[in-house]
Amino acid sequence: MSTVEIDSISRTEIMIGAITRMLQGLRHVAVGNSSPIPGSAALLARALSGGELRVSLLGSRTHNAFTDGGRELFDCAAQGRIDAFFLSGGQIDGAANINLVGLGDYPQSKVRFPGSFGSAYLYHLIPRVILFREEHTPRTLVPKVDFISAAGTSPENEYRPGGPYALVTGLCVFSFDKNACRFRLQSTHPGIGPAEVKEATGFEYAAPEHIPTTEPLDSAALRLLRTEISRQVAETYPGFAAKTWGVVI
Amino acid sequence: MHAADMVIGLDDLVARIPDGASIAIPPDYSGCAMEAVKALIRRGCRDLHLIGVPSGGFQADWLIGAGCVASVEAAAMTLGEQGIPPRFSAAIRKGRIAMKDATCPAIHAGLQAAEKGLPFMPLRGILGSDLLKYRPDWKVIDNPFGGGDDPIVLIPAIQPDIALFHARAADRNGNVWIGVRRELMLMAHAARTTLVTVERIEDADFLTDDTMAAGTIPALYISAISAVPGGARPIGLAGAYPADTAELAAYAAAAKTEDGFQRWADEAIFGRVPA
Amino acid sequence: MHAADMVIGLDDLVARIPDGASIAIPPDYSGCAMEAVKALIRRGCRDLHLIGVPSGGFQADWLIGAGCVASVEAAAMTLGEQGIPPRFSAAIRKGRIAMKDATCPAIHAGLQAAEKGLPFMPLRGILGSDLLKYRPDWKVIDNPFGGGDDPIVLIPAIQPDIALFHARAADRNGNVWIGVRRELMLMAHAARTTLVTVERIEDADFLTDDTMAAGTIPALYISAISAVPGGARPIGLAGAYPADTAELAAYAAAAKTEDGFQRWADEAIFGRVPA
Amino acid sequence: MSTVEIDSISRTEIMIGAITRMLQGLRHVAVGNSSPIPGSAALLARALSGGELRVSLLGSRTHNAFTDGGRELFDCAAQGRIDAFFLSGGQIDGAANINLVGLGDYPQSKVRFPGSFGSAYLYHLIPRVILFREEHTPRTLVPKVDFISAAGTSPENEYRPGGPYALVTGLCVFSFDKNACRFRLQSTHPGIGPAEVKEATGFEYAAPEHIPTTEPLDSAALRLLRTEISRQVAETYPGFAAKTWGVVI
């Protein structure tokens, strides 16, 4: 195992830091497949909580306590035992709809994404669903998704204990306002201004006059992330850990 | 059936999968019968309906690339860190396979309905998703236990003709140990025929051992078994051997084009030495 | 929660069961927390709603005899070869407890609905049974996937306030090993609070052991644990100790009358030496 | 372990023999709790089949292959993987309705039986349900049960792959005619005449002119039952095995 030098905090680490903060005080967060940034944040948040936070990292063989097969995550969510989860999207729109299926007409998508996974269900059942997408461009954050894998909001009468809480990108953090059914710019990452975010965002969102900078991880947390946590991440996401921290297992 | 009759050769095992069969396969992190999939491709199987439980990965992409697949039902198709399965994505673009997009718990619910001999299972969520638009087989009713105006989705039973997977061990009576990978048990319960490859067949009875029994599918649900050591390579098998990431990456790179896939298959599946 | 906080004394454990709680208990052949039931009776618990998963036996009869029970839902009440639970049968005759008669798979279905956060689960059969007449909470709909005129029963979710059972072992992290007794896992998934007594607490992590993990309920679903060696006596615990059939027969004989039950309880539960 | 002498074949053994014959050629039979006579028959049929017949004996720790908890029997039945099952009744009526709940008005039964167990479900799903009741009197075989735990027949439109196949009592064997919705006297046990059966039966049934005698087990099968099988039975039904064969474990 070797670790390369990292001079300063990376964009990925800013995203991890922002998500880590959203998990404070929770009891149990689950992380799906193909979610290395949230996975890193969850493992870091667990370490910072002194073990109070449970993390179920799907696809991991060691950070996954489930013993009832593939269905357990979904049952567990419906039981109200999962406080937070993470979803991404090939496209995400201003009403927090996400598209994990493809671009263009369905089903013969001109660009096909992997598919909806559990999003159409978990988005409705887990109270704090954190959206994440590193690429923040008008191509990914669009006015309206081509295919709704999972809907951002639901009519009042529908059973929906869960829903979107925030959207973390490579440029900023949005919170989601369920009543207004739109995002609100919460903070911009170090070195990024509100104008850059506006330029890069394909949907309308609320923005207060004063927008703070996304607070980076403090140096102790950053050190923890780059040492112990990065190695935990590498077990499930070897490619990601190698690219981000030079961790090779 | 006597346990002795359950253990057969790999070619005989895949001979039980008729053209046109619906076949449930586990995700890459569970227990994938990769060698059996190769044997199926060598046999020239056609018109399969693949059911990813709940997703499809390398197995599905190999079968699609080899022209064995007519349609797919899955919540996702992914090679994990290797990205989108390239033959799947090309087949979708060209309209060569029919895709029934689902969501993970709907696949589990459909299989559980079959496991219980039920016509359907209810499932929360999904409302507002375009998945519903393209799944006329999913129905929405008003929850009969609600106060009215509480729509809920019903997922019809998914009963695969075949469940195919790989596991660490079978015992002399045909019981198969799958540990915590209970989705394999669900598949075996739900399917009409369950075909399993295993690393080894042990001269033991797992059901008389309290600890082993807890992770065992009884022979009652198993149709046939082949001993295929390394049968999950290059995907890997938890507790046995890791994924061969170099080989997986090589596949993902090669399969970007149809020609690349053919060259890969010639060597990796048909064992032809490249010219 | 830290695992260290999960392990408490038996009296503290049963203190988590409020009067009036609905409490799911396993059948006699699964894993019965007999010592906890005794402690609950000593506490003078009242107005419990017992849910037999799917039946009630000695535990239920003790609680009914001691006046702790307002109502019971179960598919059956039986002491096995010792016949009908005498205090249950007397309470029914006198109208002292309310009985919701069920059928085994309906109990499992209701708990599975709760496990899945669903309002109901469908279930085949039952039509034509008088059970339906007395269960207005069970509904019949026309199967939306049928051709019309295909009635099917819907069972509402059963979410117990408490699941209470006994198991062979817990580990240092609060994971509980139950082996093939998956109805205990179902109870833990479905209940709001799960209280477990165990033979021993091992300095191990069952979840890191592939074989043990397969039969383990993760600590996530466990609220509190007490170490109570012999906690399933006199019913017995598979793999640990057999039933004490003489003691069970003595109970069945003594409890034929209310006085007999009181004398038995004085000695066996309250530890009072008979005069 | 000790075995007492038994001079001749007992009534219990005649019942076991009659049931054993009904299990020939089947793949899998399950036996519920509180079913010692069918359990004995199933274990004997398995031995006679040379292991072709699977037996799932609920309540047994060794003759029970289920690993998915209490629900598995019911799921397995619905999958069509169980060919035969056994039900009894505090009352059984001429339409094959069974009462496992109690006598008199419900719910305040003047005599309470244990309850319906899985009957209301399994009776509908398992093709060959064999009813058994050793006590053959007008008290147990009645014109109409006080409470229908499970209905003998169903309207045509209802989903019902399963149902009653026969009724085995201490006096005779009835087969069940689904179309006529009534029992038919098939054979009377050695030493019992049709008149005795008529006298003892509270419901109407069809009876052909010539009624054969229930064929007892041949001596090899009887020997097997009294030795190896009786010991297997004792594991789950110690009281029954002690009473019937003097087997003490």
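Labels for the chains are A, B, C and D, by order of writing; each one numbers its residues from 1.
Just so it is clear, a residue touches a chain if its C-beta (ideal position, glycine included) is under 8 Å from a C-beta of that chain, and two chains touch if they have at least 3 such contacts.
Since we're looking at a predicted model, the values are computed, not measured.
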Co-neighbours of subunit D and subunit C - touch as defined: B
Reference subunit D; chain at largest CA-centroid distance: A
A-B compared against A-C, more contacting pairs: A-B
Length of the line joining the C-alpha centres of subunit B and subunit C, rounded to whole Å: 36
Distance from the mean Cα position of subunit B to that of subunit A, given in whole angstrom: 28
Cα-centroid distance, subunit A relative to subunit D, in whole angstrom: 59
Inter-centroid spacing, subunit C versus subunit A (mean Cα positions, whole Å): 40
Subunit B residues counted as touching two or more neighbouring chains: 117-118, 123-124, 143, 150, 152, 180, 185, 213-215, 238
Junction residues of subunit A - those touching two or more other chains: 66-68, 74, 78, 125
Overall pattern in which the protein chains touch one another (line/ring/star/complete/other): other
Which pairs of chains touch, using the document's own definition: A-B, A-C, B-C, B-D, C-D
Residues on subunit A engaged by subunit C in the complex (per definition of touch): 27-28, 51-52, 54, 62, 65-68, 74-81, 125
Residues on subunit B engaged by subunit D in the complex (per definition of touch): 1-2, 114-118, 175, 185, 189-190, 207-208, 213-221
Residues of subunit D defined as touching subunit C within the complex: 33-34, 59, 61, 66-74, 78, 100-102, 106-110, 112-125, 147-151, 153-154, 157-159, 237-240
Subunit C residues within the subunit B interface of the complex: 117-124, 139, 141, 143-146, 150, 152, 154, 156, 178-180, 210-215, 238-239
Subunit B residues within the subunit A interface of the complex: 27, 29-30, 53-55, 74-78, 80-81, 84, 88-89, 92-93, 95, 98-99, 101-106, 108, 112, 123-131, 134, 143, 149-152, 180-186, 238, 245
